[in-house]
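Worksheet: one structure, shown below.
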Amino acid sequence: STGDNGTDGGSDGYEIALITDKGNIDDKSFNQGAWEGVVEFAGANDISHTYIKPEEASDAGYLAAIDLAVQGGAEVVVTPGFLFEVPIYEAQTAYPDVKFILLDGAPHTADYSVFETKDNVASIFYAEEESGFLAGYAAVMDGMTDLGFMGGMAVPAVQAFGYGFLQGAEYAADDLGLADGEVEVTYHYTGNFDENDTNKATASTMYQEGVEVIFAAGGSVGKSVMSAASEADGKVIGVDVDQRYDSETVITSATKGLAASVISVLESIYNDNWETYSGKSTYFNATNDGVGLPTEVLGEEGGDAFDRFESFDLAAYDEIFAELSAGNIELLRQIEVADATGYATADELTEALGLEKVDVTTR
Amino acid sequence: MQGNNNADKLKFNIKNITSHSGFKSLGAALMAIFLGLVVGFIIMLVARPENAIAGFRFVLLGGMGRLGDVLYFATPILMTGLAVGFAFKMGLFNIGASGQYTMGMFFALYVAFNWDLPGSTHWIVAIFAGFVGGMIWGFIPGIFKALLNVNEVITSIMFNYIGMYLVDMWIQNNGVMYNSSLTRTRYIASGVQIPALGIAGSNVNLGIIIAIIIAVILYIVLEKTTFGYELKATGHNKHAAEYAGMQGKRNIILTMTIAGGMAGIGGAFAILAPSAIAGSSMTYEPINIIAANGFTGIAVALLGNAHPLGTILSATFISYIQRGGTLTSLVGFKPEIIDIVVAVIIYFSAFAMIMNSAIARFIKARLGKDDEKPLQETDSENEENTVEDEEVIKKETEKEAE
Amino acid sequence: MDVVYYLIQNMLPIGVPLLLVALGGMFSERSGIINIALEGIMLFGAFFGALFVLLVQGSSMGPQTILLIGMLVAGISGLIYSLLLSFASINMKANQVIVGTALNMLIPAMILLFSKMFFSSDGITTSKSFYIREIPILSKIPIIGELFFQRTYLTVIIGFIILAISVVVLYKTRFGLRLRACGEHPHAADSVGINVYKMRYAGVSISGVLAGIGGFFYAVGVMDGNVSGHTGVAGFGFLALAVMIFGQWKPIRIMFAAMFFAFLRTLAYSVSLIPFLFDLGIDQTYYKILPYLATMLVLALTSKNSRAPKAEGIPYDKSQR
Amino acid sequence: MENYIVEMLNITKEFPGIIANDNITLKLKKGEIHALLGENGAGKSTLMSVLFGLYQSEKGEIRKNGKKVTINNPNDANELGIGMVHQHFKLVEVFTVLENIILGVEPVENGLLELEESKEKIIELSEQYGLKVSPDALIEDISVGMQQRVEILKMLYKDNEILIFDEPTAVLTPQEIIELLQIMKDLAAEGKSILFITHKLNEIMDVADRCTVLRKGKYIGTVDIESTTKEELSRMMVGRDISFDVDKEDREPGDVILSIKNMTVASKTHKNNAVRDVSLDVRAGEIVCIAGIDGNGQSEFVYGLTGLEKLVSGTITLRGKDISKASIRERSASGMSHIPEDRHKHGLVLDYKLEENLILQRYWQPKFQKNHFIKFNEMRDYAEDLIERFDIRSGQGPTTMARSMSGGNQQKAIIAREIDKEHELLVAVQPTRGLDVGAIEYIHSQLVESRDAGKAVLLISLELDEVMNVSDRILVLYEGEIVGELDPEETTTQELGLYMAGAKRDTEKETRHAGE
């Protein structure tokens, strides 16, 4: 591509570049998590870093943004999200000397005929279903029987959170010996990842209907849910990162170690053990502490991260987490969904996830 | 007397040039652009003084190295610019280009996915479908305006939202078009993509050529045909148009429909653009966001003085500084700086004409100082020009009245 | 019954920003200036209001005090931003619609640029809760208390106070009489020694203040004190224009119009609470479209005999008779 | 040295391209009625606007009671006790009479308007001077005469002692005029000083003490009314003797061209119909004039006839063809030409070139377009031809912007267009409004020429002189109805005035006859 200006005007450029997908780096999701990782690592090691927003939200546009970053001097390019799968497939060949960290995706061609992760690419995945499972389990174990789920759009990561959440609730209801249908879950996708009055109103309505806690798995959707919760005295389960600091209403968060994983990969690059991640997909899950509920409170030595629960506590958590990491619990990450929107019906969910104690309503 | 004569000549010439209307609007546009860039530079200077010069250089020159992209990104905004400008000629403010654009894009996509046509014609039919989609969404505010007397500004804003919600719903509910796990439309076949022009590193395609041809056609329609004559007459004075037996209501509807069609084609151009990556294509993500290209079209039209040929220039210009603006990321700025510059340009262009003639008058006053003479003796041509000067102002103020 | 209370309690914080901004539009148009920049001014006010909240939220100031001062900040910001419209359309006699459009485009870009450069964000996120569970004493009034003084925001009460003040100012004061004269027949006003330019500055400035406050109240009551350059104020400024027309440029009618739309909006998102609507199984999208479509329908029905201030949109030129 | 209450000395006021007041001096004595006379555009209103502070003069000074004063705005004027009734009323239509009167001097108590006292004062004043108004009526609901009383009350309410009346009688019925003149005399008797602008010499002779004459922005002179005559005044005004007679020979009218039966047209401003059950015929070779005072339904009548407005009921037949529901274009194509009342609103596209304006009614005809493409050469040739034949003067010929042309030449362009267009019926609405004597003569001759060429001419006019001189037959429109048919040869201005004022009307039968 042309773009010589990229180098001559841009002083010495930036060594680590993050390309955002459609959102900004405060999207409470992939962009933000990855960026926090970049900042933390680069800050500690005094490495120049920047983020770039593509001009156009298309494969070609993302590729152009990568071009721009590389021309601007980037040696490591971080691309958060599966939308970069196709662009990275192209870029890994075009820029063999640049290292790519692709979160939540693996490089492939547009028609999915060829999957290939070259040596200069690290592909990272997260087991969201496990994180969601822990959240659902904790809520029901704590005595809540009326739950809500508000996902953003029905993308695989969000779906996995939701399915995990349902399975966790079912598992806990089973443990507690609740009757069939005694746990009710209202299951909803907002269709966006924004904070807006629609999302707030939807959450308010759920609380009004008697929902005790809503698992908000959709980036900034969480802000709307927290706002509704604080008005309605409801509770919220955060997502991706520990959101207890955003609002009193957040009892726990289904986290995945976005920042931590980025830092790990960056460390491997700068500490010369790139081969740990190079050329393959790595899963972050309970086994390698890649997902889970927060167990520590920032800046509070020995603080109780479960203090916002009635009864569920660290001990109970450790127990179920051990089960999970031991591989004793089988979880579904994906189910068959008929609707084009990717929104599963109540029947599909009940059927595929084998729900008995849990009664799902979709919205 | 001799000296007076010379001064007279000079004065006369300046008046002649400055009162020529083409010069005036170009001058006004340049003035507005200049002020917009100055404001942009000041903002950069305040935000990050150490990088301001480097950043500003990107804004000014960054587009140079990316001329293919400049044209590529100019394509849809040229069409939305025409959509706004064409309606403007009739005194209608088509702020609904956004919804029309989205609608056109949807229609094009629909044809791309659901109609089975040979590659050689498929993209042409899809563009045409975009045209139809946009026309429908322009037709509605036209009807509201003509038959129900509802201000087109309000209607088109409302229909921006309605169109956006509808399209997003239609796409999400259509499994052929929508890939829910990627939250966007599926890739369209390469046969529906508009053939690329083959400029390396850019997806610039036949769309730009078609867009320019359309602009020229609109120019001919406006300047050479009876429809254009009626349309402009209505824009200048709808009462006179009615008096002359022109069908104002029909023309309003027709104009809005054509304008909508232009924006619709813009949407088609955007979504049917070819991709440099094999098997890939443009995609649309239905996340309830109003298409920005529609609003950029307003800027393009205003800067181009609603003149179809001027619009080609202004679309290219805005795309040019946008490309440069993207590059400012490399020195710590954000591309939004260009949106600010463009907004400031429009702000000033709303009264640059007046500002310019004030300046022109000032210059004239300076130059004409020493040969002041009783007014009744000034020759008729001079007088005519002075009057005309005023007229430009008056014309502007009258437009606002509508 | 609970559902009715719920709907109204939720309608009010959404209706009040609409009400205030539409009142602002009314003051501006009554003085003769079309203010299509309301959307931008709202966002401007919201941004600075939220910025203020962000700066002081760590202090010991109570949330309602912060809200009141934030309101002042937002109002003043709105006023300042509206001066750009006044200057262009009053002094420079520019096309008011174009200037308004430019101002609408400018501010989201400003917020995005500023927030990205300084907060690495699309806007401002604050952490103060302004929600009021119940207001002592007043909340005990039967029915009214539950509707207006429970589960509410201070913004609602302020909104209605401003409405009352607006009615008095517009109809009972010298200023109001003069303002209306300027929007109807500026030459008449001029001929009795009223400074039309000043009055128009005043009209636009009031609209700036109200739109600024409205924007901040939107941020408080709808967005939990946050502002984003990305979603902005979700077209509320434009809706307010429609509300103003529907309200026929009259304050009390504007109030009813604003509440009508807020109610539809609330209803649209609370469909699941109303069994017979929910059972229809209509796609949510249609409910989202409903407020916009209703606006259009109402305008279509009322536009024929709607009576805008006669001189609105026309720059005042002393020398033209 | 006389004692003047106001002196305007050597006032010069320029507008772009024109000197509206050129070194004009005017002195007003206390307690006198001082008339200001001059042709259209002579600069009368401008001079008064300078005195009232609406305009600032470039040169000259104003003195009040011998002391130099500066009047920068109407407030200054008001403080000096100067009030003005404008040619075009400056009243807010949606306000009440009371609100209009107090506007600018609103009484306020505790920050709120307090109108009771003002209301009493207004009622008092209106009784004192016989200015009947009801304070709570909306301006838009009251008659023009009543509106004028409001304007006068506005001045009296502010205790103004110098009262300017700019053409106050132009909009009044003869009876109202008599009342007004009486009021002015009373006011002068009370010590108010009055400046009175009018075109009507009779009125000046009637009430004024002195008269100042302007011509083309220049001061001509001031005379005592006692020692002057109408003839002298008119000579001062135009610079030559004038005859208002139009050269025209008697003609025998031919076939009926236009026939209107029971036409009723709605009003835009009030609920009653503006035109009610009007029937009339116009024959080839005659000029029929519809006379009447402004606001009696003339505009609506023309709108209904030409298709700008839909009829409530009735039929219009043009050359035997029913065109009651025809579009404007169809009417035009069937032979109706229309010189509109408002040349800027309807007659011209001011931002089009002269040549483009000249084909405004014909651009769609094969002569000027082929396959929807305009034939620019034809257009240019045609424009040049019309410019030549009708002597339309402008800066750049066919390419002149209509806006930059003078009013008279704009009107000429319209007349050329409408007369040259193929037509059987010419509807001319106030074709001489705002024009000077030369232009008026020209237009009248064109109307007569058209008649002589066998066209039917329907003239709608507010000017009594024009009505009497140009028409072959006069129909009087009063409150939307035809109240009389008169023969200009046999009637007098006085009689016509009575009809126009509604004081006299033909019996039902006679009126019906007029339409047959």
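Every chain is named by a letter (A, B, C and D) in the order it is written, and numbering of its residues begins at 1.
Assume contacts are C-beta pairs under 8 Å (C-beta built on N, C-alpha and C of every residue); 3 or more make two chains touch, one makes a residue touch a chain.
In this text the structure is predicted, and so the values were computed from the model without any measurement.
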Problem set entry | Which of B-D and B-C has more C-beta pairs touching across its chains | B-C
Exercise. Taking each chain's centre as the mean position of its Cα atoms, how many Å separate subunit A from subunit D?
Worked result: 77
For this session: Take the average of all CA coordinates in subunit C, do the same for subunit D, and state the distance between these two points in whole angstrom.
Result: 45
Seminar exercise, completed: dist(centroid_CA(subunit B), centroid_CA(subunit C)) in Å evaluates to 29
For this session: Could you list which residues of subunit B touch at least two other chains?
Result: 168, 173, 332, 334
Exercise. Tell me, which residues of subunit C touch at least two other chains?
Worked result: 116, 288
For this session: Could you check subunit D for residues that touch two or more other chains and list them?
Result: none
Problem set entry | Complete list of chain pairs which touch one another | A-B, A-C, B-C, B-D, C-D
Exercise. What residues on subunit C touch subunit D, complex-wise?
Worked result: 168, 172-174, 177-178, 180-181, 184-185, 187-195, 310, 318-319, 321
Exercise. So in the complex, which bits of subunit C are touching subunit B?
Worked result: 36, 84, 88, 92-99, 101-103, 105-106, 108-110, 112-114, 116-117, 229, 235, 238, 241-242, 245, 283, 285, 288-289, 292-293, 295-296, 299-300, 303-304, 313-315, 317
Exercise. How about subunit A: which of its residues touch subunit C in the complex?
Worked result: 24-26, 35, 194-198, 200-202, 204-205, 208-209, 223-224, 226-227, 230-231, 246-247, 363
Problem set entry | subunit B partner contacts - residues on subunit A that touch it in the complex | 1-6, 9-11, 13-14, 22, 50, 52-53, 55-60, 63-64, 67-68, 72, 82-83, 86-87, 90, 109-111, 153-156, 159, 191-194, 337, 339-343
Exercise. Which part of subunit B faces subunit C closely enough to touch in the complex?
Worked result: 43, 47-48, 93, 95, 144, 148-151, 153-155, 157-159, 161-162, 165-166, 168-169, 173, 295, 298-299, 302, 332-334, 336-337, 339-340, 342-344, 346-347, 349-351, 354-355, 393, 396-397, 399-402
